[in-house]
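Which chain is which? They are A, B, C, D, E and F, in the order written, and residues in each are numbered from 1.
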Amino acid sequence: MADTVLMQEMSWMAFAGHMQRGTPVLLAVGATEQHGHHMPLGVDAYLPMAVAVGVAKEVGAIVAPVVSYGFKSQPKMGGGPAFPGTTSLDAGTLIATVRDILRDLVRHGARRIAVINGHYENQMFTIEAIELARRDAAALGIGDVTIFRCEYWDFTRASVLAKLFPHGFPGYALEHAAILETSMMLHLRPDLVEVSKLAKEEPASFPPYETFPVRDGWVPPSGVLSPADSATAEKGRWLMENYVEDIAAALRKEFSLP
Amino acid sequence: MADTVLMQEMSWMAFAGHMQRGTPVLLAVGATEQHGHHMPLGVDAYLPMAVAVGVAKEVGAIVAPVVSYGFKSQPKMGGGPAFPGTTSLDAGTLIATVRDILRDLVRHGARRIAVINGHYENQMFTIEAIELARRDAAALGIGDVTIFRCEYWDFTRASVLAKLFPHGFPGYALEHAAILETSMMLHLRPDLVEVSKLAKEEPASFPPYETFPVRDGWVPPSGVLSPADSATAEKGRWLMENYVEDIAAALRKEFSLP
Amino acid sequence: MADTVLMQEMSWMAFAGHMQRGTPVLLAVGATEQHGHHMPLGVDAYLPMAVAVGVAKEVGAIVAPVVSYGFKSQPKMGGGPAFPGTTSLDAGTLIATVRDILRDLVRHGARRIAVINGHYENQMFTIEAIELARRDAAALGIGDVTIFRCEYWDFTRASVLAKLFPHGFPGYALEHAAILETSMMLHLRPDLVEVSKLAKEEPASFPPYETFPVRDGWVPPSGVLSPADSATAEKGRWLMENYVEDIAAALRKEFSLP
Amino acid sequence: MADTVLMQEMSWMAFAGHMQRGTPVLLAVGATEQHGHHMPLGVDAYLPMAVAVGVAKEVGAIVAPVVSYGFKSQPKMGGGPAFPGTTSLDAGTLIATVRDILRDLVRHGARRIAVINGHYENQMFTIEAIELARRDAAALGIGDVTIFRCEYWDFTRASVLAKLFPHGFPGYALEHAAILETSMMLHLRPDLVEVSKLAKEEPASFPPYETFPVRDGWVPPSGVLSPADSATAEKGRWLMENYVEDIAAALRKEFSLP
Amino acid sequence: MADTVLMQEMSWMAFAGHMQRGTPVLLAVGATEQHGHHMPLGVDAYLPMAVAVGVAKEVGAIVAPVVSYGFKSQPKMGGGPAFPGTTSLDAGTLIATVRDILRDLVRHGARRIAVINGHYENQMFTIEAIELARRDAAALGIGDVTIFRCEYWDFTRASVLAKLFPHGFPGYALEHAAILETSMMLHLRPDLVEVSKLAKEEPASFPPYETFPVRDGWVPPSGVLSPADSATAEKGRWLMENYVEDIAAALRKEFSLP
Amino acid sequence: MADTVLMQEMSWMAFAGHMQRGTPVLLAVGATEQHGHHMPLGVDAYLPMAVAVGVAKEVGAIVAPVVSYGFKSQPKMGGGPAFPGTTSLDAGTLIATVRDILRDLVRHGARRIAVINGHYENQMFTIEAIELARRDAAALGIGDVTIFRCEYWDFTRASVLAKLFPHGFPGYALEHAAILETSMMLHLRPDLVEVSKLAKEEPASFPPYETFPVRDGWVPPSGVLSPADSATAEKGRWLMENYVEDIAAALRKEFSLP
């Protein structure tokens, strides 16, 4: 139990020690969302949590329990809510969840907190949660909190993208359940990927707008937004190393860590 | 991936199959709360999740991702919010979280859902969440949902209590981080229990009221509300078997399962 | 009007004098809920209000207007919402009501406030209201407020229980509309009790869980959870004296009253 | 207990009978607010409740427990929040309280409900509560609810005003804690009026706007907005008879009562 | 762009200059509501905005973007929600909108803010918004904000009323879409008034209460609550000059402007 | 008044006619946000409104009053909240505003509604507003509403981008107050652009994450995220024509318009 980075595996005494030493706290925010025929509903929670744990070990931080439910899946970002199993929170609930956790971490003394998002649709709601938690802190006269926030995939190096997409990167928009996520899952949890079920479909093609309800045919039946068949565990390892190293470097800089 | 009971390990196709077959869904609701010097902050999430998984395997149900944050710890129930690491949600946030999850499960077709609570303070908020999710369902004309709810420890058999507490059971009120929870953790996750750190303290003694702020001396410094030194993994196994068998039996009855 | 303890009977000048002298304020929180064939819907408001008034006279406190509506009745605690007349608030509404009242009392200068609850289902929501009112106070830099909270029945002395239940106390869980409440109403408001309508039923018997909707047969048709036919006004007087004396003593201690 | 009109004094069986017979339900909404040196904080709850009880007896309706706390007192309407004892709810809380009560009364079968307001500041919030309760009902497909709403003083007959104000009626705006309310309290609860403390002040004089914070000198120090020294119990009786008769007539018409 | 009073036409540098010089900020709050056959849905936004701009030029203030949607129209005040096009916000939404704007203006340094309301139904909700924005400011230790609030028509001089209503003023209650508003629109936006469509109807006549749903026949079919056929642009000019001069004078006094 | 497309300039009769004929309704959602030294705070409201009006004339739709306040500006998207004049709503307020407007438009009979967003930060909140308005509609059994949503700039044709950015398009991320917006404003409201004040700065450069508070130096002092000096009114005309034509075409397709 002694040297875990996970808050849920740590006694309150151990956590108290971290607070006294000013240890940064990382919070991964995920979702429960379809990820094609070949990957499980938990991908968007597994991946930011794995990144957070890797980064925490690298910089001497600790990691709070993952937020397993995120904002409603959107067709252009994750296939949409119609896929069975995609189980989501209202905006107000997600904002309140992250705000409450941040407020309580600040109460315990955390002054350097990083929110690592693994579900595209969560972005703006984690931002609002941070804004409101900072308002809460300001009301108590606490002004020295720094909060870092990212989508982990925004750290993908151009050199890594070039290796993964030799014919050009189609953009993160269509990367749902596709090469990046599948490769990382093959690296981290190969037991949860069924390569044989990888759909052979055309990439999704969306117009520059949305309709509610979504039109038939916009989202491929599998829920995979672009072909993932070139995914490999090795590529996943490259990505994980990329993310852990570069987010760790960013935290060292922003949190003035050694 | 094929025969997991965990939604997060399951593809949307597998989940869809469950919905078509009418599989019940179990939702464990926990907390991030101090559990003495000898146990980690995640006990209240680990235990109801372990119970839920055991029950799901027994009755052919599936289990949604655990809710890892619960309502504010109270001194008489869990030591209170002052212990470092005890990280909690406001009432409205917890209610909304469980309500949203239930609403979305119902949207996917779940009609038999069980909420298994592992943190005493969550009780009334999970009740309100269920009431509101039923109101949401009623607004859509959905009237055939049955929701089961329990604190798992209320299933402890008198015979098991007698074996565990030969000198008489002091009541669940003081069982925070004590014999029941420690035994179960020794059975399930012995790697997360440090028996050597078991505090040798008198049981907590509370007056029949609360004060805010709490008075010094009411809660033992360790956060353990009554001595846990007779906890063993074997006792934990008895308890787990008790809970799984009896909650499974209750679900079979209430959900008309084979 | 001069020597009333009731805020609603007091001029603002009289109230202002109390605030200047540091008089504690008591707030009774009740419900509008069925109490069997023999008692009225207002029992859960009458009783904590009577206790509060008794205590206030004893310790020199004043009493705010009662909160007459409480959280949704639950079958195992009060028969459940299906009984006609049981008229309840959502959790958020009850929390906000008590929070707003506490916030405004603090604004007027009250620094010692006691919340006396008369409806089991209200417990956790009054706790959250107090937590949030304390957060409100903290935002204004007010740190010297002490709030006392109780369910009045938790003060029942063992000696009184022994006299009332010579064959053993079945527990508060089944005491809804039963011997304790009926005796107190016979003592305080005999005009509102119809002894002849006391149901002759078996005590309710609940499994260690709930279902929504509740199953037929769990709650006795009368709404009385255990037989009340041994209730008497004298027993009610014992209870009232017990509660007033012991809650007064607790307030003297916690509020440092003479 | 048998022939009370008060829900709080009525058993659930009696209430159920009323619902089966289609009895209308009246809800008085008040406040806890200063009413000068000579009257108590509860005036705005006592008066609409007395009117409601009078009307209920007249038309065969029943009366729900009064809402004792209202919206924040405003200087031009009731002296403002600065007077000690004026204890108020946020807008959202008051709206939710009345909405929840209405929703639950509709659930029990009430289809003709009257909201009788006794605190000027509550007007718009009771309107929103009714709008939202109707939205709730519509979501359940309930379309046959009629809700009546009034400030009771709007029923004052011109002939009664002429008798009370022989030199001309200054308008309801300045009638806070003045002739109308004082007369009614002298009629209904003379024990709670201290005529000797009637302030001898000029009527309040307000500009056609407000400032926050309020300016010194706008509100008379006593909190009485216009002189009340001509108030008598007889005038109070005239008013009560006026209100009861005319509101009863309005309900008979709108609720198609015999 | 240089000498506009409108925030939306001003660069952030220009706005910053105003904040440094302590310029007051005016916020007009309106509605989207029917105004008879002869006037458009935007009247309640156009008019307070025109007043605000006039006042701002007079006293050297600036004007924030108008709030174009207001609280639900009521039959007795504006014809009610049933008229097509009347598009409104829930109470909580309107309160939050004005609160957020005020909070952010205070954050930028505004210390003298005037809320000018153009829709009767908004009154109490703008009051609550101001109360809550002041609570927000207090939590940050900001205590020197003055907020002015009015319905612009409350500034109508007796002499102007006498000229407009030679046979006596029927009261603001029935002035919806009638002489005052029509005259002002004829003065300000004659292109948006179709005099030929002025309904020839009897004035509305309401009982001293409301029913939900509203009864047929209470509101004239046109939506105009009293005849507007004597409206002229000249009268509109008188009114505008009246409002601008007198509100400007009030602001000079309350904001200590030169 | 007869042939306006603006709801605020339209009588309720005219609006009613549109509803009877099934006319689509467009809602522009903007913000009050800094746009450099050379453009005013209202750009994000002016532009989507101009696009909406252009599209409405093209397809025979009408346009609701613009939402002038949006979600909090973010440094990477619009310079951030620190710029004076950037006046924003909390997430919950913006969601509620758009939800309420949509709900009321649906109540009036609108079945084809388009939300045209002009402020990047609003995207996810308008999505949630639409999801919740659809939930509201579903509760009333209304299932035939289609809602279209877009950021207007996502319709920029590749050919237009190529003409505007001959050296390659740097991406929408840095286009705040830059060539696209400045060109459109020069075309539409040249009176509100001060070309001489165009900042000569390097484009902003952001790391792949955010910090709260934002770091000094990330946002150029002017608030312009990339150089706008090549903006011209002609380019603005190209863009407007592009947006109007292509959004009109999309609405014709999705709304089955002639």
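Criterion: a contact is a pair of C-beta atoms (placed from the backbone, for glycine too) under 8 Å apart; a residue touches a chain by one contact, two chains touch by 3 or more.
Keep in mind that this is a model prediction, so the values were computed, not measured.
Novice: Quick one: which chains contact chain A and chain E both?
Specialist: Of all the chains present, those in contact with both chain A and chain E are C, F.
Novice: Does the chain A and chain F pair touch with the same residues on each side or with different residues, judged by whether over half of the numbers are shared?
Specialist: Answer same: the two copies use largely identical residue numbers here.
Novice: Measuring from the mean C-alpha position of chain D to the mean C-alpha position of chain E, what distance in angstrom results?
Specialist: 28
Novice: Distance between chain D and chain F based on Cα centroids, please, to the nearest Å.
Specialist: Computed value for the inter-centroid distance: 47 Å.
Novice: When the C-alpha atoms of chain B and chain E are each averaged to a single point, how far apart are the two points in Å?
Specialist: Inter-chain centre distance comes to 54 Å.
Novice: Where does chain F touch two or more other chains at once, residue-wise?
Specialist: 90, 92, 139, 141
Novice: If each chain is a dot and touching chains are joined, what shape do you get: line, ring, star, complete or other?
Specialist: Drawn as a graph, the chains match no named shape, so other.
Novice: According to the definition already given, which pairs of chains are in contact?
Specialist: In this structure, the chains touch in these pairs: A-B, A-C, A-E, A-F, B-C, B-D, B-F, C-D, C-E, D-E, D-F, E-F.
Novice: Using the touch rule from the top, collect the residues of chain E that touch chain F in their complex.
Specialist: Touching chain F: residues 1, 6-13, 15-16, 19, 32, 34-42, 45-46, 64-69, 81, 83-90, 92-93, 96-97, 100-101, 104-105, 107-109, 191-194, 197, 223 of chain E.
Novice: In their complex, what parts of chain E are in touch with chain C?
Specialist: Against chain C, the touching part of chain E is residues 138-139, 141.
Novice: Report the residues of chain A in contact with chain F in the complex, numbered from low to high.
Specialist: 71-72, 74, 90-92, 95, 121, 123-125, 127-128, 130-132, 134, 146-150, 154-155, 207-213, 215, 247, 250, 254
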